[in-house]
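You will see chain A twice below: alongside chain B first, and alongside chain C after that.
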Partner chain A sequence: MEEHVLDVKNLVKFYKGLGGLKKVLAVDQLSLSVKKGEVYGILGPNGSGKTTLMKLIMGLLFPSKGQIKIFGSSVKKLSIKKRIGFLPEEAYLYRFLSAEETLKFFAELADVPRREQKTRIADALHVVGLFEARKRPSRTYSKGMSRRLGLAQILIKDPDFVVLDEPTVGLDPIGSREIKEIILGLKERGKTVLFSSHLLSEVEMVCDRIGIMHKGKLVLTGHLNELLLRKNEYSLVLEGFDIGRQSELEQVLQKSFHAKVISVNRSRETMEDVFIKTIKKHAS
Partner chain B sequence: MKAMKNIWAIIVLTMTNLLRSRVYLGLVFFMLLMLAASQLFSYFTFEEEIKIVMDVGLAGLTMMGLLTAVFTTAWSLPTDLEQKTLFMVLSYPVSKTQILLGKFISCSLSVLCNLFFMGVMFWVLVLFKLQDKGVDFQYLSMQLGKTFILIAMESIVSVGILLLMSIYFTPVINIVMFLFIFILGHAAGMIEVAIIKTEFIFFSVIRFLFIFIPDLTYFNIRDAVVLNQVVSWHYVEWAVLYGGLYTGLMVALSCYLFEKKEIV
Partner chain C sequence: MILSRKTFSLARITSLEIIRLNLFWVLAAFSGIIVIFTKTFSVYSTNIQINMVQDIGLVLIAGVNTFLVVILVAWILPREVENKTIYGFFTQSVRKVDYVAGKFFGFAFILFLMTFFLSFLLFVYVWLSFDVRAYHIFTVALFSYIANVILLSITILSSTVLTGSVNIFFGLFVYMMGSFNQSLEYLVERSMEIPLLKAGLITVLKIIPDFDRLNIRDEVLAGIPIHWEELWSYSMGSLLLYGGVCLITAGIVFSRREF
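Let's turn to the complex of A and B:
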């Protein structure tokens, strides 16, 4: 049996209005599970309840009904938190601390042995590209730098389960790509990742499974391949093909394989790839 | 052991914040100004001068303790809640109680440090002023020491009250409410006498409120010391015990309520 890192059952969350009278339903009978080693993406439009779900999972908010188990235990259990890393919607940092001091503080909380702290902090700063700016107070950081420092605190903790709430929001394509690469790196190291986003391409690039939230409900869930791949439809990528001979190709495919050509398009780069290639070229 | 390590990490963080904040530096500057002001009264007769120096100096110490308590405590937790820094902190194996205890200890320590340095400076200045005047230094130092202890206790009680209210209120509302409690606490004796003499329902409500409002008059022995009246160690011990119990109750209640609070 596959080990479930996260198990959410029939989760309901009401927000009380003024005077506790008017209730707003933020999460509605939501159930989901995340298996060990997978990257699970929660997709949804703004206001669909993604952030509330993340806060409930992290124990910042309390469920009105239902239950949440992480590694089989309640998140209220402090020992469980040793195995969880969290990056909120914005990396809310202590503005008076530098990156190095921030990571030292979090290393203390994560119980990283003192003799290892220096190396782990330096490594994490190198990975997120903040080593040069490590002595600057975090109030002077751009949004992207703050976000990367937020990710660095997860790296020094080295948790088994990582929860990221809109990790690339507000970042430029390069910052966004770097964060996606960090998430893929976490996956390669066998970590389980749950992250929310409203950017479809981002989820497509890094997730194994996704869940779509709408008005507090999980309206669709499944493996990315199951959801995106069309039955009995394949794309053939050709190099050096003469487009003038398209009809010949169609005939061959029809005659020999009984396959019908639905469309022929020129391969395209994504705008993100073009942008990153251009910037990298000029930077070098 | 881990709990102590967590509390220590929060103490270091809070103290770093205080030492780097301009408000705290402003308080230190104010403290020095108050001390200087107490030395300006040199045109009175010797007896009057000593009384005024003691009166202004001790009042300055009390104000310094309160201001430090207010500016460190009223902002500490609300800033963390408003800037949402607790989101990441609480994803670590650290409890809300440990965070609150760390904040209480660091705010109390900053109050005690300020009072200690101001107290020592005040004591040196008083001794300097009274040298060759035939004053019993040992007795006077003892009296000043008792006053310092009770001023420190009153400030720590204030930290406890401010910490409790900071869980729910913004710094400004917290300060206004604290000032209200502070004034009531200092008028506790007078108001209680007035309440006993009346049967009015309104006063019954106030009487009920006074169960929760600390009687801060216990900590005010400044007048007695200025007027050279003897204050026993026994009295000081009881006042410290009262303050300690009241603060303990405030901190315990704060921890309980903070554990129940959602971090939105």
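Let's turn to the complex of A and C:
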């Protein structure tokens, strides 16, 4: 039997307005399950209910209807919370503590054995690139640094299930690339990841499966490959090809393979790659 | 059990937050200076001076700590919810009671530091100025500390539902009602005409702790005998009752509310 890390069934969430009037329907009959070891991306425009869904999963909000099971159990159980790491959308860490103090504090709250605390904290600081700044109070951190400290807080806990609400919001391309790499690292170590984003490229890079959310509903779900790969269409990348002989190539392909050339383009780098390469070159 | 290792971690960080606030040090320095300079305010004979210095000093010790509770704690706690720092705890395997107890002990420790520091200063100052070892300074300060810790537990409870500024007013209100408890009760008893309102007000006054009873400054300085046994049982009883009820209720409120 395949183990489901997260099972959400017919979830509904209303927010009550002032005085119980004018309810807002933020999550609408939503069902979702995430398998062990999977990276699941929730994609949706602002206000589609991603944050509400994550808070419901974490037990910060209570469902109006429906149910949520994590590792087959309720998130209210402390033994379940122990296995989940959560990065909220907003900054939420004490601003008077340094990164090192914050992580020490969270290691204590997460029951990290005392003798492991030091190495785990140092490792996490290196992974998120905050080692140099570890002694500074976090009120002096940039938005990206605070975000990375939030991630480090999850890493020291070493949870089985990681829930990230817009982990790359407000970060520059390098910062968000690093976070994507951290997510892939988690996946490699067999962790299950659920994260939300409103940026398409982000989801594309790291997810196994995605769900598109709109007005509180999951309107499309599926494996990335199923969703993005066109049927019966392949692209061929050539090096050292003489573009003047394009029609010759087309003829060969037609004759020997009965394949029709749909388009011929020059390969392009993404702007993100150019940006990251440039910055890296200047850094070294 | 309420006291877990996590409660201790939370308490430590809670105290640290206050200690890293400039306001805390300004208050401590300011109060310290007033304690030391009270003698210059008075032009009376030495005997009256000794009492004046102690009187002002002890009022200050109780007052500064009440200020810490009613202004600082009442402001900081609701902001934990508004700033979402609370997410960091309630998505960990931290019980709501651990959190509430951690906050309580963290702030109680700060009040203890402030009370002890200022009473020690006052004691040394009285000793050096008048060659009198007024050990009763510590006794009076201890009971004012107990009163402030009771106020602290009430403030922690109100923080679970009120916003910062409302909470400050609520804390002040409880403090005032508690300080003039008996006179207010007397006044209501005498002047209220509407029976229902009267019964209501009397009940409120009975629920609010009687801080005046824990204020033994006048009696001690005037040499009026005190029923120690009664005072001890009243103060310890109130501390356990208000502390216990408020902290447990705060824990329950937190586990029922959304964030």
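As a convention for this text, the second predicted complex is superposed on the first by the 283 of 284 C-alpha atoms of A that agree within 3 Å, B and C clash if a C-alpha of one lies under 4 Å from a C-alpha of the other, contacts with A are read in each partner's own complex, and residues count from 1 in each chain.
In the analysis below, contacts are C-beta pairs under 8 Å (C-beta built on N, C-alpha and C of every residue); 3 or more make two chains touch, one makes a residue touch a chain.
Not measured: the values here are computed from a predicted model.
Considered on the superposed chain A, chain B and chain C are sterically incompatible, since they clash.
Of the two partner chains placed by the overlay, neither chain B nor chain C lies in contact with A:V8.
Of the two partner chains, chain B and chain C are each touched by A:F106.
Touch criterion not met for A:M145: it reaches neither chain B nor chain C.
Once the two complexes are overlaid on the shared chain, A:L78 sits against chain B and chain C alike. By the document's definition of touching, neither partner reaches A:L30: not chain B, not chain C. Of the two partner chains placed by the overlay, neither chain B nor chain C lies in contact with A:I210.
Residues 55, 58-62, 78-79, 81-82, 84, 86, 88, 90-94, 96-97, 105-106, 108-111, 153, 157 of chain A contact both chain B in one complex and chain C in the other. By the touch criterion stated above, chain B contacts chain A in their complex at residues 2, 5-6, 8-9, 12-13, 16-17, 20-21, 83-85, 87-95, 262-264.
Listed in rising order, the residues of chain A touching chain B in the complex are 55, 58-62, 78-79, 81-82, 84-88, 90-97, 101, 105-106, 108-111, 150, 153, 157, 163. Contact residues of chain C toward chain A in the complex are 5-6, 9-10, 13, 16-17, 20, 83-95, 258-259. By the touch criterion given at the top, residues 55, 58-62, 78-79, 81-82, 84, 86, 88, 90-94, 96-97, 105-106, 108-111, 153, 157 of chain A touch chain C in their complex.
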